[in-house]
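So that you can tell them apart, the chains are marked A, B, C and D in the order they are listed, and the count of residues begins at 1 in each.
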Amino acid sequence: MTKPKLNRKDLSEAAERFKNWGRWGPDDEIGTLNYTRPEDIVAAAQLVRKGKVISLGLNYDENGPQGAKSTYPSMGRINPLHTMLRTGTDAYSGVLDKRGIRAADDMVVIPLQCGTQWDGLGHVFYEDSMWNGYDCREVSSAGAQKCGIEKTKNKMVGRGVLLDIPRMKNVEVLENGYGITNEDLDQAARFHNVEIKRGDFVIVRTGQMETKLKEGNWDGYPGGDAPGFAFETLEWIQEKEIAAIASDTWGCEVRPNETEPGINQPWHWITIPIMGLTMGEIFYLGDLADDCADDGIYEFMFAAPALPITGAVGSPTNPLAIK
Amino acid sequence: MTKPKLNRKDLSEAAERFKNWGRWGPDDEIGTLNYTRPEDIVAAAQLVRKGKVISLGLNYDENGPQGAKSTYPSMGRINPLHTMLRTGTDAYSGVLDKRGIRAADDMVVIPLQCGTQWDGLGHVFYEDSMWNGYDCREVSSAGAQKCGIEKTKNKMVGRGVLLDIPRMKNVEVLENGYGITNEDLDQAARFHNVEIKRGDFVIVRTGQMETKLKEGNWDGYPGGDAPGFAFETLEWIQEKEIAAIASDTWGCEVRPNETEPGINQPWHWITIPIMGLTMGEIFYLGDLADDCADDGIYEFMFAAPALPITGAVGSPTNPLAIK
Amino acid sequence: MTKPKLNRKDLSEAAERFKNWGRWGPDDEIGTLNYTRPEDIVAAAQLVRKGKVISLGLNYDENGPQGAKSTYPSMGRINPLHTMLRTGTDAYSGVLDKRGIRAADDMVVIPLQCGTQWDGLGHVFYEDSMWNGYDCREVSSAGAQKCGIEKTKNKMVGRGVLLDIPRMKNVEVLENGYGITNEDLDQAARFHNVEIKRGDFVIVRTGQMETKLKEGNWDGYPGGDAPGFAFETLEWIQEKEIAAIASDTWGCEVRPNETEPGINQPWHWITIPIMGLTMGEIFYLGDLADDCADDGIYEFMFAAPALPITGAVGSPTNPLAIK
Amino acid sequence: MTKPKLNRKDLSEAAERFKNWGRWGPDDEIGTLNYTRPEDIVAAAQLVRKGKVISLGLNYDENGPQGAKSTYPSMGRINPLHTMLRTGTDAYSGVLDKRGIRAADDMVVIPLQCGTQWDGLGHVFYEDSMWNGYDCREVSSAGAQKCGIEKTKNKMVGRGVLLDIPRMKNVEVLENGYGITNEDLDQAARFHNVEIKRGDFVIVRTGQMETKLKEGNWDGYPGGDAPGFAFETLEWIQEKEIAAIASDTWGCEVRPNETEPGINQPWHWITIPIMGLTMGEIFYLGDLADDCADDGIYEFMFAAPALPITGAVGSPTNPLAIK
């Protein structure tokens, strides 16, 4: 028996059900990041017991996932283009000496969602609205006048929890098209002996990225089929009152989507503009997963500051799990 | 009596005196960041008592310090140029609906040292050498083959200490050309009742940035005269075995420099390639300084991850002081 | 007696009066460029008598007009940022030899209207319409689906005529705020002994750019007060059936504009979307003006190809007058 | 019998034999472009008989040849990235009305040799020298201090001649690895009833690009195997005293190269730095070839201005054949 495909009416009902607009006042621009309270941050710091810092960031370079084969148009998302403004070869060649210092300098052209990144609350709209009911026209070519990523600059710190679904299921990687269920999330938490709390940063591993890295080929990763959150997880997320969620795939939610044709990324339609949920994508979870498996501890201090690029709807980040 | 200007012989002597090459083995690429040990990170986390996160990042936008009047050529350092790849106005206009999702996306063209940033160890050379004795030609147009900023991706966490020099001296801002001395640093630490320890991230306030922000004009900030570290602080830094140092000015060290003509940024000649010291510049310290003055506590957990841009010689960062 | 300021009703009447929509069929995307016929190009080639090529292009570099002081917001228009991908210093340093060739390579980040440039027909809208009545939403973040500059790739060749207004008036430069009249244009043509013909590329000198170059300072040039076309010249342009018009100022038309507050660049409201007139701005006319004054010949072959950047609403160009 | 592979000694001999250094004085920066005299330009204009303008430019967009599969590293050459600064959807959304004008604007990030382009004389070095004997260190991260493409801004006009080698050979396309010989060039000229003259811009068709366009796939085009000029054509080029040469392939010369391992693009080693020959690559020749076959006329006026980007070693161009 196949589950019926989600249609616009289902989305509309979900929008009504999960709407957090106004929950933090009419002027709020950061949504569920509000769930993390100072005492949660203090408690998160207490989780630092080994003094080990684990980066969840994929290096930004031409080997990133953009440009891989995909039926999904990339629409301008290229891999970062790093170029030098001055070099050590300039130094060696003597051409910098008139400056009185031998120094290199550089720049990058970087789509903000091309690699490990946060989806800001200006990233997705529900009809003509963005988070908290702001008009979607607040995000013009001049950038996001509301909900710009810079509003989160003091916010991306708290307790992190890893839910390693494939390890719990004793598989290497979840299959493409596998929708992670609420029960999977709860079961993983039990399996890892960890409890999800209000204000947590929940990081969910599918194993997909590591498979791609092992293969040395990103084909199919950007916008292709993937394991990921089932639509029903909206309920879990809402109930748990988590601050943010992240995963190791291109787009967090399961692909192919559970929807009728014409609706793309239905979970995003609700999480970002309706719930105000900040989301992390393309997180590298291999090292963290190994460490958690080793010590059996799946909670940690989490610090993943966005770059405060004014008016941005996303940001690259180097997320840190500190254990 | 005027102090004699530093010449190349002085620099050469300093290079011999402060050389840390080989201290962490011949293959090291992160220098003094090695000073921070796991136990220091555990201890730093214990400093989180209020659950307050304070960003030391200036927003990245067209109001940044680049493009201001300066006699120092900008050589390609522009303010970040943030452009949209898709917008809410596209969404409103209905042109995205064929995609089945209404989403905005964006990119940035950003010199890596145009705003709040880390100087990586590939940034400055001493003669033909970079940190740890690597050949400066390792930094070519293809980026830094050695000491790229991505090597620090697990490293920018530890104990932070703020030394608020103008507050200690009971002035609003240090004067341009004022060289912060070893005695200033020690005196500030005593004044703030804080002790500098091995592996610390030391953040030194001059007040210059806040003055510029108050004036609404960055003229003279990039490459202009500024208060900053005197050359003698190399000794203090070396002795304290700190992990990194940061300040609220364009270039950390005092300008005009204490050198004879033809030598620009002498302190940088030694800190980066000789000592292996990572440095933070253009840090916004106003909020942190106020908070420390309020609660009298000048130590905190510090997390300032660089973006792991492969081969980069610097990185924008959103540094967090967590108290 | 002051002329009354133009208001929206005046613009609306002008829009009705000068509307060329449909003149070249419902699918046209190049407007008045259609006026130039093959025989005009053949005739233009006959004007080449000295074999002299004169560039009307300002070099693209950090010394361009962007970034100058202006009350007009630059909205992302920066000077071109040219960066190297490989260099001769790399070559000298030996780091390229593994490739078997010593070669340099480079790139540029360039707003398409930051220097000498063509305004394409997707650049300005009248209410919700663009040239030929296309919906303005055809120009989304994905670029111009209609009237992209690439549609002109075979079109920017014909007879050029220089009208040197200050020389005719025996002044060095027209004053800021001076509106060039129809009579000025006719008088200049008579003075230069040249007749404007259907399909011509008319190039009008104000002298403003040369004054700025002489001063070594672009302050006030981008978006500031300037001499330029009076609103009445719409009539002259329409009657003459010219292919395109260009000038040496930032925005062709006189500034301050002749309009009531709230209407900016009224002449642009009509020329581009209503008449379908391609326009050249920031043309460097010093060398051409000198040459024409020398030989007394103000007509020439003109070739100023746009770069066929798909979906672009403007393009840098190196316009050539060939005499 | 196989021809022996070229080695460094062969290149060294060719360098001595074809060296044009000093031919146009010690300060020359444009090389063989000097061959075109004013009278040649006058004569070229006489070739305009139909008034037809044919662009040889490939549109610049994400469908360009970069990013295709290749064993040749792209080293930063991406397809152009065109992004909008303001849009018609902004206009429609009403967010621009505060400016008093509804206008779109845009920018591009473009490697200068990613599409139809000129190789400038700063592009390739012979050992430590560039054209005319300048030190290769003149091309640093600050750009080309000598032989920048902006030096050609008045120069890219003259007589163009198309040599359509596959049409002469009655094949659709030359095979990869086929080296076009001197005899091929002479035979094509005879076949087309055209004579190569001093100062000409010689455009040679292999058919490769059209094959790739027909296939809808650029794999193998950038840096892959290709038909192209044999090394021996250096002699032909030198003898004919042509201004410049262009073709429809990625790199003009035959690939695999005729050299021993370790020598890449040997023809480039000589043409650019030794002869001072400007070269066009990735020219789209389909329309021109058809037109020439139709009217039997293989000579035309040619205008292909480079963008005068200061210090650039190459430039995108929209080359025009005017018949």
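By definition in this document, contacts are C-beta pairs under 8 Å (C-beta built on N, C-alpha and C of every residue); 3 or more make two chains touch, one makes a residue touch a chain.
Every value quoted in this text rests on a predicted model; they were computed, and no experiment measured them.
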Fill in: Selected pair, greater C-beta contact count between B-C and C-D
C-D
Item to complete: Determine how many degrees of rotation, between 0 and 180 and to the nearest 5, align the Cα atoms of chain B with the equivalent atoms in chain D.
Response: 180
Worksheet item: Taking each chain's centre as the mean of its CA atoms, how far is chain B from chain C in angstrom?
Response: 44
Worksheet item: Between chain C and chain D, what is the gap in Å from one C-alpha centre to the other?
Response: 27
Practice prompt. Would you pick out the residues of chain C that each touch at least 2 other chains?
Written response: 75-76, 81, 83-90, 92-93, 95, 107, 109, 137, 140-142
Worksheet item: In their shared complex, at which residues does chain B touch chain D?
Response: 75, 81, 83-85, 87-90, 92-93, 95, 107, 109, 141-142
Response to the item:
The answer for chain A against chain B in the complex is residues 37-42, 44-55, 57-61, 63, 75-77, 80, 82-89, 91-92, 99-113, 122-128, 130, 135-141, 143-144, 150, 153-155, 157, 259, 261-265, 268-269, 301, 303-314, 316-320, 322
